[in-house]
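Here subunit A shows up in two complexes: once beside subunit B, once beside subunit C.
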Partner chain A sequence: MRHLRWLLVPIIVVPLALLLLSGFGRDPREIASPLIGQPAPTWTFTTLDGDTLSTDELAGRPYLVNFWASWCIPACVDEHPVLASAFERHGDELTVVGVLYQDSPADAEAFLARYGDAGYGHLIDESGRLAIDYGVTGPPETFFVDADGIVRARQWGPLTDALVDERLASIGIGR
Partner chain B sequence: MKAWLPAVALGGALALVAMVLVFAVQPEPAPTAAERTDALAGELRCPDCQGLSVADSPTRSAQEISRQIDVLVADGATDDEVRAYFVARYGDWILLAPTSPAAWIIPFAVVIAGAGALGAWLIARRRPAHQPKRGISTEERRRVREEAEALDA
Partner chain C sequence: MIPSIGHASILVGLGLTVYAAAAYLLAARGGDPRLAVSGRRAVIGSFVAVAIGCFAMVISLVSHDFSVRYVAENNASTTPPFISAISLWAALEGSILFWALLATGWASLVLHRYRDRYRQLMPWVGATLATVNAFFFAVMTWPGNPFALTSPVAAQGSGPNALLQNHPFMALHPPLLYLGYTGLAVPFAFGIAALATKRLDEEWLRIVRRWTLIPWTFLTLGIVAGAWWSYEVLGWGGYWAWDPVENAALLPWLTATAFVHSAMVAERRGGLKIWTSALVIATFVLTLVGTFLTRSGVVASVHSFTQSAIGPWFLAGILVALVGSLTLLVWRLPELIGGGRPSGTVSRESAFMLNNVLFLGLTFAVLFGTLLPLFIAATSGDTISVGAPWFNTVTVPIFVALLFLMGVGPALPWGTASWGTTRERFTVPLVLAVLAVAAALGVGLRDASSLVTMGLAVFVGGIMVDEVMRGARVRARTRGEDPATATWRLATRNRRRYGGYAVHLGVLVMAVSVAISSGLASDRTVTLAPGETSTIGAYEIRHDRLVVEPLASDERVIETRAEVTYSGPQNGSLGTALRDYPNSPTAIATPAVRTSLAEDLYVTLLASDTATGTVTLHLFVNPLVVWIWIGGAIVGVAAVFAIWPERKARSVTVEQPQRAPSVTSVEGA
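On to the complex of A and B.
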């Protein structure tokens, strides 16, 4: 009976410790998106430039949807050149769509004037409906949709050059 | 004892049962759309808060979700359809109470197993192996007999 007690260490203590340790490797605020592998939400919106953009126009073309806000500092500021560079490098085969997340068009325009307007469109999601459709918890958050209109990846938090290349590969860009 | 007394008693008892049934089965008035929105908002997690429901939070996200619940309820969605709508977008995380029965069973099972293990350990400890034996062993009995015989001799 006495030596059986030592069996408890590998049977209970070690797995429990490993389970708890695994929690250190993830951010508890990051929630797995149920949209991965599902058809992307459809929408029609007015952009900051006053144009109309809809998912119908994006049919057959991979795109990324980036939720951002001028008040999202420093994450959205850090991410801005990463998106501009991705648009510059892959603009011929990729559409980049910005979405204003709880932000006013005037503030968003001031942000773009200050940090540079890469030239892609930004949707004015006044009611927050698109943010709900994508299950956004806070900016920046980016979704990668392939040419078939299926969500393939999500980036929670700011993108880096390495991350954007990795996520773009999942929708067939840069391979 | 009058012959009609049992009949009256039986009738009275039946009437009482009928009244209880009527009160128990009487349907509650259907909740209004606003009541349903409030109840559903209380079940959904506010996306940019720490453990608050949409109903309890004043943030813009919470207001937008609340407005969307209103729209869905007005469109005739059932409570389950409204929950499913948000789960499809945010995952099960959006529901404040877990839906999996395992989440309700496991904590109780762990507590019961732990109490059982503790009880078993305490019982095992209360009757240790070195407890003084009742009576004497045959070996001791034989020795006592030998010593007594030696004294007699």
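On to the complex of A and C.
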């Protein structure tokens, strides 16, 4: 009987530990995107290089849309080489589209000059319309659209090499 | 150079605290007493080290040194110096640095003050505090290095969190809260020392009384300042939303408040030893749990700005603290049982006991509501949130019961109460309370909990005034003093008791203003073109014009402002705005609040059309809100009064002057 009192310690500690532990690896602020399984928004924009790009040109081709900003430090800086590498590896079958999120073209160009320009286009979404269409909560946020123009996956927060491969597989790339 | 100095100071601090913990532990186990002396010096050294670290961080922030990752994430070259400096506690790593400064500060203060006293307890106190501080230094050394560098160096930083640059209160609220949090490690350390040394009598309780009340006061003021900040900044017209971070601050406050009360019984009558030890442990662990919950990103909150690797470290720290202290407690359980003198069913002791049960009930309710989303997510994967209505439903009745006890408890005698004295003391306040409720009904108050709160407040206030007047009257008669002098002297001769009453008075003011402001508040949403008017309560509001312009202090911030003229009980004009910060996805509201003693006029801009100048405004009239802050200030001042050292009197302190005619002869000696 006298030793039973020692049970008090695990009775209090173990459930609390399990409960708090269960919170890791999950972000409570992440809300599932209603766009998954839906047709992607259509658009036509001027890019940072002065070209025009529209969803019509992307028809029949999988693409990813990455919302980023030069002021988004460190997440966008960390993510930058991941996207560059994905573009390099899959550029022949995948289009990568960057979108400036509440950012000036000059600042974005300075960012690319500093951290390296992989060569894919960046849309100047001055009014923020595209970000609203996609329901972006904050950069970096990335949407993966398959060859049929359907949104298949979304990444909330910075991509890593493992994450980008997993998301790309959902739009039929790298399998 | 500066970041390297900062980083080095953290490493030095880690070395010193680890050494101090070891030295104190050896001293506690019967080693050379000089070990305790060197342990104390090491703790003070760690304080100096972390002070240098904080200074290095402030310099890095003010000079916009973006090679430091923390600076790049929380500062921009346009950030004004003052905002830069207080960004020390704007995000996680800097907060821990600041936390360590305060924690080592408290430890140095306590260990220095009692350097020649309590030779059995102090080595354990030192070992506990040094271990806790070593944990924070370890966090800063490994997962949360505030001086981590970035490469290549960014040309421009993100800028501070938009919410934090919006109001000067950010300079006040976190330091107050952290002073409370960190200070509560001191009673915990004494509790551990008492358990470890088996010195479980009233000695440690007598020492920690003040060392609990001081951090308790800071925590109280920190919570009130946080509520005030949220009212002035967040723009939804309220001050308390049961957000996890608010709960995180409230939880240790509840157990600390319970401890302050139960310690009085334990100190005076013996007994309650398990209870008080458990409370002091729970309070400390809850300060860690609260920080973990809100800062690790495990629970959604306005404060979970970043996810980081610090979470697992904090969890490990919490578990070590919990397992360590519970093991010690269970080990000493046989020594802790019994020892109290018996008392009657209706007595001050039983009022205190009930108070503790209620505070613990509140703690469980708040903890349950805060952790439930986590539990549901873990078991079923669903995302839920527990909202304010649930918390209000569960906690308001307990708060009301506590209010009742607040009046009844101090009026009951220690030991056993007789029916005669009870009736004599409660009749007049009860009649007054009934009259007050009738008057409130007459004015038009219909909300049940507001009415109950009003009635109770009058009841409790009546008992308190009666208590003070009885004491003062005896003094005035026997000493020939005028009533004011008699009251002041009575209070200053027994600061603990009358300071406690004054704290209760502040709580009463807050309770009534919370009840009335939530029961009688009115609000409406209106859309107005320039020149159009609308009304809210007795006010007429006219929308004059819409202005969109960059902020004078930081031109990257664009302000959309509705300029409004109002007339009624208060007259004047105001500007209510939405601010677009470059690093914030949503516009930050800057509500306009016009405060008077009777009511606040509170105007938030919800939406605007720049083409036509039409705006949608949320108008609130919130009665008596300013009294919540005034009540908070009363609590703060009263707590300082209670803590203030009593004059080294030649007299013996007497608890119940009115029933001890011999007082005069003793005090007048």
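In this section, the second predicted complex is superposed on the first by the 150 of 175 C-alpha atoms of A that agree within 3 Å, B and C clash if a C-alpha of one lies under 4 Å from a C-alpha of the other, contacts with A are read in each partner's own complex, and residues count from 1 in each chain.
Quick note on the criterion: contacts are C-beta pairs under 8 Å (C-beta built on N, C-alpha and C of every residue); 3 or more make two chains touch, one makes a residue touch a chain.
Everything numeric here is computed off the predicted structure, so don't read it as measured data.
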More subunit A residues in contact - subunit B or subunit C: C
Touch test for A:Q102: subunit B only (first), subunit C only (second), both, or neither? both
According to the stated criteria, A:L21 is in contact with first (subunit B), second (subunit C), both, or neither; which is it? second
In the overlaid three-chain picture, which partner chain does A:V136 touch, first (subunit B) or second (subunit C), both, or neither? both
According to the stated criteria, A:P34 is in contact with first (subunit B), second (subunit C), both, or neither; which is it? first
Pick one for A:Y115: touches subunit B only (first), subunit C only (second), both, or neither. second
In subunit A, both subunit B and subunit C touch residues 31, 102, 136-138
In the complex, the residues of subunit A that touch subunit B are 31-35, 38, 102, 127-129, 131-138
Can you name the residues of subunit B that touch subunit A in the complex? 47-48, 60-61, 64-65, 67-68, 86-91, 93-94
How about subunit A: which of its residues touch subunit C in the complex? 5-6, 8-9, 12-13, 16-24, 26-29, 31, 70-74, 77, 102-103, 107, 110, 114-115, 136-139
Spell out the part of subunit C that touches subunit A in their complex, as residue ranges. 69, 72-73, 76, 150, 152, 154-159, 289, 292-293, 296-300, 304, 307, 311-312, 315, 318-319, 322-323, 326-327, 330, 333, 371, 373-375, 377-378, 383, 582-583, 585
